[in-house]
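In the two assemblies presented below, chain A is common to both, partnered first by chain B and then by chain C.
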Partner chain A sequence: MRPILLSGHERALTQIKYNRDGDLIFSVSKDQQICVWFAHNGERLGTYHGHVGAIWTVDVDPTSTIIASGSADNTIRLWDIKSGKCLKTWEFPTAVKRVEFNEDGTKLLGVTEKRMGHLGTIVVLDIKVDVDAEQTDEKELTIVCDESKATVAGWSYLSKYIIAGHEDGSVSQYDGKTGDLIYNIPIHELNMAITDLQWSPDRTYFITASKDKTSKLITASELEVLKTYIADTPLNSATITTKKDFVVLGGGQAAMDVTRTSARQGKFEARFYHKIFEDEIGRVRGHFGPLNTVAADPTGKGYASGGEDGYVRVHQFDKGYFDFMYEVERERQNRLA
Partner chain B sequence: MAPSFDHLRDEDLDEDDFDQDEVDISDLQEKYEVSLEQGYDTFVVVDNLPQVDEGKKPSLIKFLLKKLNTVGKTREDLIFMPMGEDGQSLRFAFVEYSSAAEAAAAVRQLDLVPLDKKNIMRVNKLTDIDRYGREGRIDENYTPPKIEEFHEQEHLRSFMADPTGRGRDQFVMYRGDSVGVFWNNEKDQPENIVDRPHWTETFVQWSPLGTYLTSVHAQGVQLWGGPSWTRQKRFPHPFVNLVAFSPGEKYLVTWSNRPIAIPDEGHPILTLDDDGKNYIIWDIETSKPIRSFAQLDILGPPDENGVKKPLKAPWPAFKWSADDKYVARLTPGASISVYELPRMNLLDKTAIKIEGVVDFEWAPASPQRDGIKTYEQLFCFWTPEIGSNPARVAMMSIPSKEVVRSLNLFSVTDAKLHWQSDAAYLCVKVDRHSKSKKSQATTLEIFRVKEKGVPVEVVDTIKDTVINFAWEPKGDRFVIITTTEPVAATAVPPKTSVTFFCPEKMKGSAIGNFKHLRTLDKKNNNAIYWSPKGRFVVVATVHNQQSSDLDFFDLDFEGEKPESDKDMTANLQLMNTADHYGVTDVEWDPSGRFVATWASAWKHSMENGYHIYDFKGEVLREEPIEKFKQFQWRPRPATLLSKEEQKTIRKNLREYSRIFEVEDTERINSADVAVVQERRRLLEEWLAWRKSMEEEVAEERAALGLPADPVADLLKAKTAELAAGEEEKIIEEIMEEVLEETEEIVA
Partner chain C sequence: MAAQTKHDWADDEDLDDTTATVDLPPPQKITNKDGSSTIIEYRYNDNGQKVKTTRRIRFITHREVVSPRVAERKTWAKFGASAKDGNGPAADTTSVGENIIFKPSVNWRKDAKDEVNDPNAQAMKDKLKDKKVKCRICNGEHFTARCPYKDTMAPIGEGVDTADVAAGMGDEPVAQGPGAAGAGKKGSYVPPALRGDRAGAGAAGDRMGGKYGERDDLATLRVTNVSEMAEESELRDMFERFGRVTRVFLAKDRDTGLAKGFAFISFADREDAVKACNKMDGWGFKHLILRVEFAKKAA
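And now, the complex of A and B:
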């Protein structure tokens, strides 16, 4: 599994997203650039210019028509993928830490930072997935997080719930239409921030990553913890692979937390766990800083990781990956065949 | 609830439903209340004095004063000796001391001291006389003491019976704030036996035979044991820092940096005599203090300003003889005080004066010297060069205090005393300097204790400085680590060499001279850990930022022996080399089958956790644990099997191991089956959940009138739109590949 090294960013990566077809990779970093790359060869297709602050987050709509990005310049911007044109800018009082489209791309949520007297919020915007259409200025919904600020959030299946991960380690479920809080459950260790939340393809369950060195698989409807993956380092990101029942976790000791940072010390590896059995299966090394984000190709062919070191590493899985199977899985496959 | 002294009751009271005011403590108050009538506690009453008249009174007082002033300060005018009407004294006197502590000391030390042939002095506190001596205070009728009903106690050695019958060993782990005891399961997750948060405040420690687990609190020390891990003993030494057991678990020494301060209202166990003391020697069975000692103020060598700073209190300060009969303490440069147990009285009432004595060490086992039939314990000590007298290493027999062997040495900078575990040998590692005091070399002076006359053999072939030395337990081989430069505080420690020594082969049972077996150069190792059963040794690098090797050696390798070693009683083989990053401690389990290594958060915070290796150096288990502090194997008492029985087992080892191997495979197989079944269950569960979830979502979609796939229609629409907008394009990508490249140079 020889990775493609994408060295287009000058500063730490913050998020990577594949489009639905798995042929494009969008990456954002603190260097104020959004890059789009061809997944199969790592060629850069282009960049999106306009943000004047570190970009924290990016998401692409399901038809690969538009992308949304959130930045420390307190804006969410909408871009035409093809032309690179900025279609719309929404301003907020604080930085935007996370954006996500719902399953049909008609709604966008944004998580805003708690700062300067403003509480953290989750806002919902109505989106027309059309590069020529006029986008509304109005926020459809604003959820204020007065307990502990939300760090990440996402849409469940049918856009029924908004699920948010909080700085205090808890997970909330809000009604997707009214924004009413349904549950708030302490999931991770108290005051260990949830750093990532990514969905299964059908958005019925999701995976969280936390500074408490664990990652958990949780149902969207009941917030029931299905699985727990234990790592030996604070986690920044976690993703669910398709085709194979794995999850990929990324993290590593932040440089400020260790006196002597060596590759060995930092644990800067992507870790593969079996989604169902919770066993660690393997690690992929290569980054020389903590992994800030990992993303799985929705078509199951590969994954990409972005590090504090400013590199994106795109990996295409090889035959061994697809052949690997637990005895019980093989048993079942043979039975079905 | 965290076990601690805050909760002194045996019942598991919950703090919430426990009201302090409701607890009736009047009985305790009565029992322990020390009513010190102000002013009277400095008085003692001296009784049984000879009868004297006015004329002889001053001389008696003078005579008395001499005795009285040995323990405190009093004056002639503070002694009041009442006279009877007949002009004769009433045979007693009141004496006032300058402090209550002195009065207490007088009672303790002067009571029952003979004044002359006829009179034995009785000394009591005035307050006691008042309390007990007054009429009516003590019931005239004897009431027999109530004997507590017999309670069956838990079996303190039940830990030796492994419920699985595999003879596993236990260990304790202290990580974060909780302490847990586990069965060692080799490769698998250790089986938890007990786990309690805040079980200890500073550290935990097993007693030497594994009976008790010691926890340390600000209020004192507690011992835990038995199958239910209940508290067995309590030793309330306030602000205790360190704990040491006697080898036979009979006695306990506790030490606190802070002198004990007995509060005015008294202490339930300690008395005023213990005030100001740092050490307490306890009897473990009765959990009563036997004697307490103050710290010796030992001044170190003068620093550059000529100021002598007090040295750190040495630990262990009290060293025990192998059979718990004696305990001794060194007064550096002056003497060794040997105390006899169980009374803790100074042997022959006097310390053994040894001018200049620097260190001493008891023989770790009761010695068997050739031709000596009487009971004895040995200790050895050394004194440096004083004036023109040479340095001296000597061995003293107790209780006779006879020096049985002594050796004079020259140009000694330092000496370390290393006993072999059976007390068969004593190796004195002598660091010598040349006349110019510039270069250093080490010689090993080995006393053969079991041989007639205790001959001394010298190993002086070592050119470098020896930084570590270790005898093979129960054996006669040893390992040393040497370095060329004296170890100073440098960023990169100098390279070291590891050298093995063993006796030459001899006819019969005699043990030959110690010969150099092998030296391994250019190592970083700094620590030696022998298996408690001998034969195997781990040479490790601990507390080192750069390297952390663990070399596993076998000294009786069963393979071919090199020709050069044919006269040696060892066949050295490096079995394996392991690496445990940041390792701080290494410990063999008591059976010599496993080695645990750990990186303690007390020393650094990088990759804390432990590894378990087998004796061959194969890593069995690696477990990183946050805030991992301490690991300790539970010791085992000595085997109860006789020599013959052990021999039979050794002879039939093959049969035993066959049985064990069968058991092991069965267990592993069944464990595998269990794992597979568990996985099968997990997989089924997952698939079932997925199925129900998918159905549920599909139903909901249908109910809302949404398409089954939310995106398919959108994509179709988009494709249609694109197709309408422009012609379908065929994108061709031409890939060029260079198959071969040749270059021909045409002349």
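And now, the complex of A and C:
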């Protein structure tokens, strides 16, 4: 496969998101701009300007009408995808590290940083998925994380729960309506921050990535660990592919943690694991720095990775990827045929 | 998508020594029968020489059915920093990376390791995997120098043992040659470097022979009827079109420096060598017709 290199950012990438149809890629970086790209050829559709700080996170609503972004300038902004106009700005006391729409796009959660005497919070905003509508200023819900701040969070199936990953390596489940804490389970190693949380297509389970060099597949309803993927480097991101039962992990030794890092030693590769058998089945090289974010195309045709080096690499899988099967999988297919 | 079909080295650069007085002919575009088109352009290079560039380009239309929503989004006007970009990916933001071979595999870790090491070295290791250290005095599993009977017993079956080491080297005839010679013709003079009958030197000798042993004769072509004026680099350019060339050897006269008329080309891959052999046999090169065949194994 020949990856498409997107060099629209001048600083490290922080998050990449595909829209639901898999034709648009949204990328945010510390250089204060959001880019949107066509996934099939890497053409840039446009950029969204307005943030005055590093942008940590972006999410697109299920109908691909609006996007939300969270930034170190203490705001969440809502944008019209088509025109690039900023529709709404919400101010917060601290930086926003993660935003995510729920399944139908009517609610948006934001994770705010713990800083300057403010505790980390998870806020929920009501969203009208309409470019012309007036968005409300009111926060529907605020969950305060008084023990360990949340680093990532997301909506489960039917917006029933809010799942949050914490800096201390634990995962919490909150009620999606009341915000009450239901569970808080230490899943990853103590004080190894959870760096990413991405959902399966039906949002019944999710994958976490952690600095403890592992990634775990966890159910949304019981927070039961289904699978563990062990890597040899701190992980920054993990995603679940569709069509094939794989997961993609991204990470690498951060440059600040070592004196010298070559591309190989730094382990700046996207790692593919089999989702069920937990085996590592391959790696994709290319980045010059740690992978900060990986995103799988919802159609299963490819994936994109964004690195500390400021590049987004969009990969379209080729035949060998789709043909790969374990012996047991092949036997099963033959039996069914 | 544009694919450049079968680039021909001969068309690549035709250097004419004409001075820059003649105006350049206009670029030509010819549509070929097979659907591809040939574009011929002329320009002057840095030395003032006229350069003719011929490119054959084939356009392949790739159709994909997308949902109406996606199709509609493709017609959207660009905005923000991309507002001024034309249709298609802009060169400053989008580029295509080098090809990555990604084939999921259960034991990819092993595969990757093989790739990292020299393939020849790996092959050698595999061959020697079953070989154990064997004492020539007592046939125990230790080096002869460490044998407890070193001072009391004479080595047994010396000739047999060296043959064994040579066999361990595998099928490389060049490596086997001196080793076998050393073992076989007993009594005849064997240069010290080729003697395989000393404990330490056995291994060292192997390694020295290994330099030739690693050479893969299976993917080596013998090219004869090569012009005297030929250069190794020219041969390399010619043969590299078929695959990775690991070695080019052009026999040259020691005094005059002119080519003797034959050369050996080693490929990394035997399949490439077969392709090259078929294509290049009978190829006209510097007023002579090349004869290409697979190199015979050294006797």
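The rule is short, and it goes like this: the second predicted complex is superposed on the first by the 337 of 337 C-alpha atoms of A that agree within 3 Å, B and C clash if a C-alpha of one lies under 4 Å from a C-alpha of the other, contacts with A are read in each partner's own complex, and residues count from 1 in each chain.
One rule holds for everything that comes next: a residue touches a chain if its C-beta (ideal position, glycine included) is under 8 Å from a C-beta of that chain, and two chains touch if they have at least 3 such contacts.
What you are looking at is a predicted structure, and each value in this text was computed from that prediction instead of being measured.
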| item | value |
| --- | --- |
| Simultaneous placement of chain C and chain B on chain A, clash or fit | clash |
| First, second, both or neither for A:281, with chain B first and chain C second | second |
| First, second, both or neither for A:204, with chain B first and chain C second | first |
| Which superposed partner A:326 touches (first chain B, second chain C, both, neither) | both |
| Touched partner set for A:43, first chain B, second chain C, both or neither | second |
| Which superposed partner A:103 touches (first chain B, second chain C, both, neither) | first |
| First, second, both or neither for A:62, with chain B first and chain C second | first |
| First (chain B), second (chain C), both or neither touched by A:112 | neither |
| Which of chain B and chain C A:157 touches, first, second, both or neither | first |
| Contact breadth on chain A, by residue count: chain C or chain B | C |
| Intersection of the chain A residues that touch chain B with those that touch chain C | 326 |
| Footprint of chain C on chain A - complex, ascending | 1-8, 21, 23-24, 33, 35, 37-38, 40-49, 64, 82-84, 246, 272, 279-286, 313, 315, 317-318, 320-321, 324, 326 |
| Touching residues (chain side chain C, partner chain A) in the complex | 64, 66-67, 69-70, 73-74, 76, 78-83, 85, 88-90, 92-100, 102-106, 108-109, 112 |
| In the complex, chain B residues that touch chain A | 545, 581, 606-607, 624, 676, 679-680, 682-683, 686, 689, 693-694, 697, 700-701, 704, 706, 710-711, 714-715, 718 |
| For the chain A and chain B complex, residues of the former touching the latter | 20, 62-63, 65, 103-105, 129, 157-158, 160, 202, 204-205, 219, 226, 232, 245, 258, 260, 264-265, 276-277, 326-329, 331-332 |
